[in-house]
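In the two complexes that follow, chain A is the common piece, with chain B as its partner first and chain C second.
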Partner chain A sequence: MTMTAKPAAAPAGSATGSGGFLDRVLKVRELAILVVLVLMLVATQLDNSAFLSEQGVKDLLLNATILVLVGVGEAMVVITRNVDLSVGSVLGVSAFAAGEFLRGGGNPVLGIVIAVAIGAGFGVVNGLLVSLGQVPALVVTLGTLYIIRGLDSVWFGSRQITAADLPSGFVGFGHDGLGAVPWLAVLTVAVLVVAAYYLRGYRGGRDLYALGSSPEAARLAGVAVRKRLLTAYIACGALAGLAGALYLARFGNVDSGTGNGYELTVVSAVVVGGVAFTGGSGSVYGAALGALLLTSINSVLPAIGVSSVWVQAIDGVLLLLAIAVDRVVALRVAALLRERAAQTRSAHHD
Partner chain B sequence: MTDPTPARGAGRHGFHPRDAVRWDTAVGVLLVVLLLCSFAFVDNFGNALNLSFLIGNTLPIALIALPMTMLVVSGEIDLSVGSTVGLSGAVMGKLWNEGMSIETIIPLCVLLGVVCGLVNGLLVTRLGLPSLAVTIGTLAAYRGIAQIVLGSNSVTDFPQQYLTFSSDRIGGTFVPQAAVPWAVLLVVAVMVLHATPVGRALFAVGACEEAARFAGVRVKRLKLSMFVATGTVSALTGVFWALHYASARYDNATGLELSVIAAVLLGGIDFDGGKGTLGGAVAGVFLLGALQNVMSLVNVSAQSQTVVTGVLLVISVLAPRVARQSAAARARRGTRGPRKPVPATS
Partner chain C sequence: MTDPVPERTPVLALEGVSKSFGAVRALRDVSLRLYAGEAHALAGENGAGKSTLIKTLAGVHRPDTGSVLIDGEPVVLHGPADARDAGVAVIYQEPTLFPDLSVAENIYVGRQPRRSLGRVDHRAMREAAAALFARLGVDLDPERPARGLSIADQQLVEIAKALSFDARVLIMDEPTAALTGSEVARLFGVVRALRESGAAVLFISHRLEEVFALCQRVTTLRDGAWIATEPVEGLTEDDLVRRMVGRDLDELYPKQKTELGDVALSVRRLTREGVFTDVSFEVRHGEIVALAGLVGAGRSEVARAIFGVDRWDAGEVEVDGRRLKPGAPSLAMAAGLALVPEDRRAQGLVMDMSIARNINLTGLRATSRAGLMDRGAERSRAVDWAVRLQVKYARLADVVGTLSGGNQQKVVLAKWLSTDPRVLVVDEPTRGIDVGTKAEVHRLLSRLAADGLAVLMISSDLPEVLGMADRVLVMHEGRLAAEIARADATEESVMAAATGRTRSAA
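What follows is the complex of A and B.
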């Protein structure tokens, strides 16, 4: 354990070396989602010229913000080859907590802080269970999904929070913005950029990728496995909490069903965005684009006159397509790399 | 498993029949204790009507748990079962509205289940995709198709003799008639998993897929057939669900996948594959079912029941690991005197 520092440097170096090509492919992956998104929006605009009006753009962004926030947190966990299914429940409970606080005349900023803190608290629980118990994340977070949802409903009962209970400044924050760019979107982009910068530039962020690529190798290389897992889960929980507060600001209406079943939407968005379940790949930008794509489809279909009953089926098919395409590309890349390795080897022989 | 001193094997990864047996038995004992206590102390628990409700409401989960156990033993998972139930019910309702006879509809629904399972299985085995991701995709897709098929309608006017079959009891006993087909399926499943080469192969694949492949197991075909079995049973459950609750809607059985998986994991089926017994799974299913029934009887709200389910689930995965870790720690402490009794492999 005295040699932790040295081997830790080695995998980082080799990752950038052999991953140059892979990196480019992954960037193309994000570009692909962007192209699909833009094509879809342009086609819809041509069909229905009212679609991309100022209000239309604002709605698109507003609809995406909450999913993007939770997706960014989820991506950080999925990158470590784990998953957090409890995000929907966390979102619901923190939205309600913030609502209760604001109804009692609390300060909006403090309300948001409370929501984030509650989310982070549940993140600690999830993270400790996963990292200390070494039990499959899927099972543990399925358990906490139930537990938090249950606590949530016991606490709520049949109560409801409506926009009338909230300070008008808070509700305004959920609707207004700079022209077509809502404040919520500004906040979300800020979070996104910080998360992306952390994952790209900081050791803690790189460790998350190392953990996801090979947990065993990461441990041997001296990555503080428990600490990093805990960080990822806390970030995920805190972002779910923040999303809860923003949900409250945006919709102004929270009951015990809020966030029910949201976990699957979040996971879909993250995976469509190119963050693989097998860990160690993808980026939060991809996850954000995935979320934007999924929420945009929900707005596009009604705009071109397709019934909303199609939304869910299309979401599912899109997810399947995304993982299938990823897999095919990954196989191609692997074959290419093998070929190149064979060539260099034969070159050495000559 | 030929290791003469099993205590040393406790720290290693692999198949520990002792652990599995202990956990199954624990869940089974817990179920028996719960039933006995409920008979003794809970009013209205022991009457035939309540028991038939208990079994009838648990049957959908119990049905799907059979193939799901085998699937999880082989190291895969299917999250789309709840949606397959919904889709099968929706198609059944739609075709019934179109005036087709129920005797034609039911085989068609089963066929639909085969197709649903095939789609999952082919995506997993042929493309090599993780089953978790695939079946989250089909979870949304199947539910979406159900919504397209039936919209927000609900179909309730199924023929009376079928409705009666799916809700009536056998004679004067508390056993619902629909439990009989389930019992038949249970016997078949137990025999396949615990007494045939197919079952052994499933455990082998779950414990170490690579080794199983080299030992001559046709891994892909085996997994594909398990996905098909899961799809088929789910579709059958969809038919049963629509008849039992006399209502076919696209959102039938939403979230059922989580209940099934919770019950199966509670029954000691290891999520990593290669471990577990059907007895444990069935005990897990009925433990959760009975617990819910009892809590409703003593006026615990449905919400608090969710908490109990979650806590049980977390304990069920934590407890065996904690026990194993402390056993390993004890074994290490015990062998500290004569250093390294195990042949050094590194």
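What follows is the complex of A and C.
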């Protein structure tokens, strides 16, 4: 019954930026990914000096942007102790919808808005089902994953959109940038900063952490549980929609299979980035770093001459490693807290 | 209804409120009026409906019939936020904090101070929390996460939360259960100040002397029904107990005299770091030993460790001379140990399974042949025990979740007694069950002890501890603080040891 008896489920601490040792653990957690990432890139560069050329850096960033965007949205949902598995399907359907609109001569900006709106719409559906249905999010969003994918197939059939169908300005937006920094990366960083600021600096964002940390306490404290869950799912859906539009701009090639299986990559990135699946902790910066790490591996392996068939296995190892690190840290923290409690108690008794 | 001050308008009131959960009628036509500047006590046994009443006032439950009135106007509270906005602060018995968030955020969740553009002002929040703690006279870092706080500290955070918005109504559900004497005195000081500045207070405590010290009026509930509302002045503790229990205590605690046998359970220097330390005691065949103490003192954790659910770090446990291994519940069961856990819904039963299946969870080996379950044997084993314990059910195939709390508890007992245990550990055996069934459970425990079973009973219900136990062990902050013989055990001696006011060596 004492809180100290419960092993901490996750590396604790919040984004409050305080100096407690739990917070330091959290910061180390994000720092650890950064260190792994930098080491990997430096080692690759030493092995293959062409790796971090301007084009190389640009490719690295371009590859990461879409996963980072979806990962930021997913992190917001996972922080509330839920999950959204439909992001891959949403990405696919919004990319195709934007493509159809642009092929018909539509305005590119409006095309992006349409993709975001479609994503947000599916976010509303997911959010309502999860918050009203009292059904585990895993099951609900697995259901919507298949439903949306099914709609996708029925609507588009075997049609395809290629770069030739799209306005050149839109395709250019997907490739160009400020030197080595692509426009897509600029946009993604902007979204990332806004999301992180919202989570840290607004009541709504803080409520998401509260909700994930203890749903029962959140209810008793008068947190608007449904509204906040809905917000998280809408944000997640909208970002998946945006990612769909950017996918279209970047690859110019969309069919009914686009985004298939993407949800698992996204969840891996989020978890590798230190957002605990048990809710209440982690940050979108961590999730973004996790996404960057996973996509970088895709570029690193060919650069050092390893066959890309290893990519998935290595992603899996990273995922397990991340979870193992979380678990070890959690046990260590729980032991520290217990020791501390024991010390204060024996101090009382002396 | 006799209400001595009918002219004033109550700040918060319930009129004719009923509330049922399935077949359980938690509240029946209950009325309650809270006035500004008055501390009102709510008395009643465990399971009398106090918690349901509080949750109705807090907007967690909506009444089935009857209404909630604020300043005399009927209102519908759609949720805890509505109650909070109306100025109702609730401190629950079990602190409800967010382990991952900082202490300051726990206090201000949903109401964080804001600066321009609606941004949370973290610094102002921190300073306000620090100011609250200064006012309470406690030394707590607003920056640290709530994870790992002691129960007393968690309680203080809850109190700070209630202070943080100028509550017109302060509801406290056993706020002192985990506090020491000086902490209680400090809390009462704060509550009196709040009351004098015009707040209404609803106070629940099993320590009757606190009711008399703090409150002006008292409402008594029994089995979900309103019994009386009266001024505290002129009442004695005995009067109040009689209203709460509704019958003589002897009838509720039918303790038989038994012959003590050999040592059945022997626990020596058991330690789990940071949870409990150096716990040693013995329980003999035929003996009921109570393990008393405050919530969070480590009693349930000791039981869990003995049974092998949690590992222990040091010490040893023997059942009838056989040493148990740490962290091995199936070995403990084989040695003749049975544990009726504290939370029967989550730990004692599989709520969606039938009565028969639940009882047979401990007898899967006994009722199977060549690895296949024998339905007939399963059924007869279940019937045998269900009848012996007088479980009230329609069919054995009914889902256990449809039974009342008392009957559910009997199913848990049946499940364990059917293993023919040598030592029975029961954790809060009568929490949340009605008075009638409670007496039946007590009679059963007493009879089992008379038949030679060794019983270790964890209970927060003091009359139960005093009425049933041959010996009382009292825990305080993870240690055995006292061992009190039946003849010497009184509410005062047990509470004094439980709150750390006396420390006679165990």
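General observations
Following the convention adopted for this analysis, the second predicted complex is superposed on the first by the 324 of 350 C-alpha atoms of A that agree within 3 Å, B and C clash if a C-alpha of one lies under 4 Å from a C-alpha of the other, contacts with A are read in each partner's own complex, and residues count from 1 in each chain.
Going forward, a residue touches a chain if its C-beta (ideal position, glycine included) is under 8 Å from a C-beta of that chain, and two chains touch if they have at least 3 such contacts.
The structure presented is a predicted model; accordingly, all values stated were derived computationally and were not measured.
In the superposition on chain A, A:332 makes contact with neither chain B nor chain C. Contacts of A:202 after superposition: chain C is touched, whereas chain B is not reached.
In the superposed model, A:147 lies in contact with chain B only, and not with chain C. Contacts of A:227 after superposition on the shared chain: neither chain B nor chain C is touched. When the two structures are aligned on the shared chain, A:159 is found in touch with neither chain B nor chain C.
In the superposition on chain A, the residues of chain A contacted by chain B and by chain C do not overlap at all. Listing the residues of chain A that touch chain C in their complex gives 1-5, 8, 10, 12-14, 16-20, 22-23, 200-203, 206-207, 209-210, 212-214, 216-224, 280-281, 335, 337-342, 344-346, 348-349. Contact residues on chain A toward chain B in their complex (touch as defined above): 83, 129, 133-136, 138-140, 142-154, 256, 261, 264, 267-268, 271, 277-278, 309-317, 319-320, 323-324, 327-328. Residue ranges on chain B touching chain A, taken from their complex, read 123, 127-130, 132-134, 136-145, 147-148, 151, 254-255, 258, 261-262, 265, 271-272, 301-311, 313-314, 317-318, 321-322.
Residues of chain C touching chain A in their complex: 58-60, 79-84, 90, 92, 96-102, 104-105, 109-110, 112, 114, 118-120, 122, 141, 143-145, 147-151, 154, 272-275, 277, 295-296, 298, 300-301, 310, 342, 477-479, 500.
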